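I've put the structures underneath this note.
You will see chain A twice below: alongside chain B first, and alongside chain C after that.
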Partner chain A sequence: MTKDGQLWRPTRRRLLQAGAVLGTAQLASPFVQIARAADVVKIGMDNPLTGTYAALGKNELIGAQMAADEINAKGGILGRKVELLVEDSTSGDAGVAVQKARKLIDRDQVNFIIGNVNSALAQAIANVANEKSVFHVVPGGHTDSVTGKDCHWNTFRVCNTTQTEANAVASTLVKKAGKKWYYLTPDYAFGHTLQAGLEAAGAKLGATKVGGALTPLGTTDFSSYLIKAQAANPDVIIFLQAGDDAVNALKQAVQFGLDKRFHLAGAQQELEVLEGLPPEARVGTWVFEWYWKQPKVAGVDAFVAETRKRTGGKVPTARHYFGHTAIWTCALAAEQAKTLDAVKMAKAMQGFQLPPEIAMMPDGAFYRAGQNQMIGDLYVGHAQSKGADDPEDLFVVDQVVNGKDVSPTLEETMCKQDWPA
Partner chain B sequence: MRFDVKKNALSLVVWALLLTAPLWVDRVGAYPELVTQVVVMGLAAMSLNFLLGYTGVLSFGHAAYFGLGAYGVGLTIRYLMPSTMAGLAVGVLVGALAAALIGPMIVRRRGVYFAMVTIAFGQVFYFIAFRWNNVTGGDDGLTNWHRENLHLGFATFKLMDSPYDFYYFVLAVFAICTGLMALILRSPFGRTLIAIRENERRSRFLGINVNFHIWVSWVVSCTFMSVAGALYALLNNFVDPRAFYWSQSGVFVIMCVMGGMRSFWGPLLGAAVYVVLQDYLSSVTPNWMSFIGLVFVAVVLFFPRGFLGVLRRRASE
Partner chain C sequence: MTQLILFNVANGLIIGAFYALMAIGLSLIMSLSDVINFAHGGFLAIGAYLAYTLSPYVGFWGGLILAPILTAILGLIAEKFLISRVYGRDPLYSLLLTFGLAFIIEDSTRFIWGAQSVPYDVPGWLMSPLSADYFFLTGYRMFMVALVALAVGGLFYVMNRTRLGLRIRAGTLDLETVSVLGVNVRVLRNLNFGIGIYLAGLAGVLAAGQLGLQPTIGASVIMPSFVAIIIGGLGSLTGTLLGGLLIGVASGLTAVFLPSATEAVIYVMMALVLLIRPQGLLGEEGRF
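Here is the complex of A and B:
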């Protein structure tokens, strides 16, 4: 059906093919750019909604949404409404998190970027935000380097550093349990840093390491490690696992009866994790970064009531708190600097003391100048299998530690900010 | 030889779209980094297809060479010298060298055994990157480096400062790579590969050294894969061990199958659909992976030759 001699002679079929190609091109770009009013302040949230950290990420989102609604009810940021743009960073794929950060910054032109629960992803997003000079808040990734040796002038962090948490729990352990510690550490970067932090904190107080085992990520059977731990006869067995590994390790430790003979402990713990544990495995000394039962602290009761309204009766966890504080940090920075210019906002936040109803901690909270790390209170206490009057009251705060007393000094953090000229 | 427009219509359309992309991406709601990613992933999928579609050998470990390219460029810029081109060269060289060394150990396997061995080698690299914290940054990935602007004698390309400059840089590399692949496939050597795909035993009886041909095809494929990996690292200014992970290899296979394994441009279309769908759906719903899975299942069930395969068949009927 084709004739020679002619260079280009569209047939019906060829036209159809061209149509199909064009159609596919349309399909391939299904996003229709919705024209948004220019008078909106955009906050991009690049946080996990799928994978291991999905539960934590979703709770941070609830807190963030709550803060955005509060800010809008009070007239917005600099008189402009706040809009929250949410992207799923996945729980572990930094490539996706980086791609989403670029999407939020380049396409959506966000004024602020929030993220991430996973420290590795938080650092990756921080680097993108720094490259583009966007005000960045890390709600809940703990690795020291984010506000330590890899810190940036535009990256602020709400949650504590690993070292601060280790310092907070170490003093309680030495007082309550003893000085011979055994470590069960997940065998990857996060676990190693956590153990190094605890060893350093313990060493200052005279605690010694009597042994340790590295458990591969995803271990389901901890019995051989637990037997080794018993044999070392420590005062304290320290669990540094997270997620499912933590659930398995603690469950098996209780089945072995170790909780009766040794003191079980760890560094950071989350209410989400305790709720996921069977009641008998809710044991040990831990540090929480925020707790919902603080009867004498301003703003907490209202925050709890509002969260219950939004989540069908569940109480806020530290993650709700982080999301809420992160969004408020953006609003306060803009109000303080009277502009949305990232450099001016970051300058205005150096040493900034959060208002008490946002900080919601007995000693208040502030962003340390030169490091952009929020320093507030830490809650050292023990897990309990059943709450007395509320099923979600699974933690008893034994001691509120002021972050000022346990944070590494600015020199120790090795943070050197490189401000734009 | 006269240039046959009709025969090359598809290539012309592809190049027209790619070259003009910066003009229309904003209108359809995309952004330059997304198109760059499509081109990079397209190159990766086309490299895999060189082996999968034209030699008929399924590798499930190509992410290893993608990752080697990515870490090659990252480590070079971070520790050795801040130069985009030097990084790219080292990344590609490392990937090609590793492929050349590993190749002889796997080319004697076929089918599922070949796939298994490639996965095994891929995982070796994954665990090295995951565990060697001091050098690779371990699970946290390799940070604190970025691509550098490119200074040639006559002009400066602002690879770092302008996403469009970087896009055209990637496109130029893409053009060189796809051009080379097309040339190889048209040569007698390329025809031999297709002969091996069609009937390995007959090729052997014809006196063709099948294992050697597969080894060469493997090295070529892995080399272009490491180019793609290096470009991907430059795009993100970041690498993490997941670039090596076997699921990443799976993604490349999915792209090839979705786009069409028998056609030259099919994998590029597959990559475009995958990348754009992922970017779009994951903003809409946290369950985006199930939708990509659904599309994949639908493609396998209804268009076993991929999107382009279907167009091709319609055209020839």
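Here is the complex of A and C:
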């Protein structure tokens, strides 16, 4: 205690000294990080935890954490424990996503990077990962270009391209609902490519576009678009909205009774959206990218049971599956290449067939060589208000479509990989 | 085509009525307390979630009555302990405070109720259209418009016929004099804030009936109400009501011709009003 009774009275010199010590500690920390990096394999997750895509991002994170625990239980990657480092990319700010990717790569020295739900952010992270030569997996951002014209040797994608989803559902729509299609399309990259994909797929089957409206991302009131859609008198009103927009659009369409006058349908649909709708609004023909009710497929029941344990009884959605498969892809790449060298791992994954208990699809799944796009099954079916024996069984799979039959050819994707010399 | 336009005008009025409900609450707070309440959307979300949580016990109608009242109580508490501390300072302080509060509320709802949409249901008989031709006139939307009319009518009555309203109106014009005349300004502002938040909570319950209920519900519906106030004019409740209806109709009509611009058009209107008549259509000059 000093004489005037104060516990500690900082002098200017003392303050400067303290500052200098703190500053040195900051500089020293990267060395500490590298020392630790030798003990564990680090996987950085740069995915939304806030904003529009928070629900989807959080489900991917649960799946990823499950995979990391499974891998650790089996002895880790190349004998080293796996550690998941999680950053919130936000739902729509590419600047933040890039900054977080750089932080994970430069400061945390991650061996792998995972992300993103938002296609635009996925592409931005892919570019950073490519610049730094880090093995990158996109769990759930769908725009074609990620494994298309802007593809990279080090970026792998688990979820389907929008074109593949469109191709999978088109023939069912023509058969079940008719050939006059009206599009309600969210006004950003994902929606545009999905609509273009459906128009192309529909044209081959004789379906025509009788109209369409671009809806701004984040639209809450769809009534004026729905008024316009019904005036065009189509056979099918196609909803290409995702997430919260999809909930809003469908809820209002059903309140207007449009489901009784037209066929409501779309390409991609998610269990998260159906769960957010009141029972009577769970209608329409859709594509699911994975479904939890596949009684005869290896690994599915165990995956469902483990997810239920971790989420207080909720079943896994395609998003849990994407996160799970993304982390397993990293582990399998390292085991296959016997090293953590990104180039060697990426080479080892060309055409790699996933083990059945990881693929969890009737026809299996593999990464297509020259594109790094996972090709598995797609589930075409219809929504139902209530499952007969399970309240979360909100989708009826009418047909499992093999991704091999509906994926665009490698030439059509326009992917040219830029392997380092 | 004529039918399409008429439908969209009618539909725009319905949407506009809803904008107006939110905007009037905001406008009340802005006028008396000089606080631009960015957390208004947050309180809207709280109202919606409270109704969702309460409705299994008290039914849809019980939720509709209780949730806005509970939201208003939360609003009174927030005003007393947070917002009242920045009165009289530069508006920037309250703006930053409520901006932060909005984030805190959004993340709290995400923490409590989860990030995913939850299904909030309204009684089946309210859900269906009144006739097949006028399918956009559902029972629920008509009920919503009636309720908005009732709330706005009630508010006009309070403002013009009661002592509280007289004091609020007087306070809006000259708070210092009202205070000197013996009115407890602190209580007055507290009550006024509560009324504003009550309207936000009510709007939240009504929104949840036709939109998905997720933590971002407040943020996604609140912007048009700010625009409604600017177009209608600060300090004028009639102006705010008019502003809400105007942008509703404008965005409805735009959907007929250029659907992707429905959102942009209200901001274009706002820019035009700011250029030509900065105080708004019915607003008074010199505020803010």
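One rule holds for everything that comes next: the second predicted complex is superposed on the first by the 385 of 421 C-alpha atoms of A that agree within 3 Å, B and C clash if a C-alpha of one lies under 4 Å from a C-alpha of the other, contacts with A are read in each partner's own complex, and residues count from 1 in each chain.
Note that in this section a residue touches a chain if its C-beta (ideal position, glycine included) is under 8 Å from a C-beta of that chain, and two chains touch if they have at least 3 such contacts.
Everything numeric here is computed off the predicted structure, so don't read it as measured data.
**Student:** Just to be sure I read the superposition right, which of the two partners does A:54 touch: chain B = first, chain C = second, or both, or neither?
**Tutor:** In the superposition, A:54 touches chain B and chain C alike.
**Student:** Could you tell me if A:302 is touching chain B, chain C, both of them or neither one (first, second, both, neither)?
**Tutor:** neither
**Student:** Which holds for A:143: it touches chain B only (first), chain C only (second), both, or neither?
**Tutor:** first
**Student:** With the two structures laid over each other on chain A, which partner does A:203 touch: chain B (first), chain C (second), both, or neither?
**Tutor:** After superposing on A, A:203 lies clear of both chain B and chain C.
**Student:** Once chain A of both complexes is superposed, is A:251 in touch with chain B (first), chain C (second), both, or neither?
**Tutor:** The answer is second: A:251 touches chain C but not chain B.
**Student:** Between chain B (first) and chain C (second), which does A:190 come into contact with in this model arrangement: first, second, both, or neither?
**Tutor:** Touch status of A:190: first partner only.
**Student:** Examine A:226 and indicate which partner it touches, taking first as chain B and second as chain C; both and neither are also allowed.
**Tutor:** Second partner only.
**Student:** Look at A:103 in the shared chain and tell me whether it touches chain B only, chain C only, both, or neither; answer first, second, both or neither.
**Tutor:** first
**Student:** Which chain A residues lie in the overlap of the chain B contact set and the chain C contact set?
**Tutor:** In chain A, residues 50, 54 are touched by chain B and also by chain C.
**Student:** Using the touch definition up top, name the residues of chain A that touch chain B in the complex.
**Tutor:** 2, 7-8, 13-14, 16-18, 20-21, 24-25, 27-33, 49-50, 54, 86-88, 92-96, 98-100, 102-103, 106-107, 119-120, 123-124, 127-128, 131, 143, 145, 150, 188-190, 192
**Student:** Once bound in the complex, which stretches of chain A touch chain C?
**Tutor:** Touch residues, chain A against chain C: 50-52, 54-55, 58, 187, 213-216, 218-221, 223-228, 230-231, 244, 247-248, 251-252, 255-258, 261, 272-273, 275-280.
**Student:** Quick check on the complex: what are the chain B residues that touch chain A?
**Tutor:** 5-6, 9, 13, 17, 26-34, 37, 130-131, 133, 137-141, 143-144, 146, 163, 232, 236-238, 240, 242-243, 269, 272-273, 276, 278-280, 282-283, 286-289, 307, 311, 314-315
**Student:** Report the residues of chain C in contact with chain A in the complex, numbered from low to high.
**Tutor:** The contact residues of chain C facing chain A are 3-4, 7-8, 11-12, 14-15, 106-107, 110, 114-121, 124, 127-129, 132, 135-136, 138, 140, 207, 210-217, 220-221, 251-252, 255-256, 259-260, 262-264.
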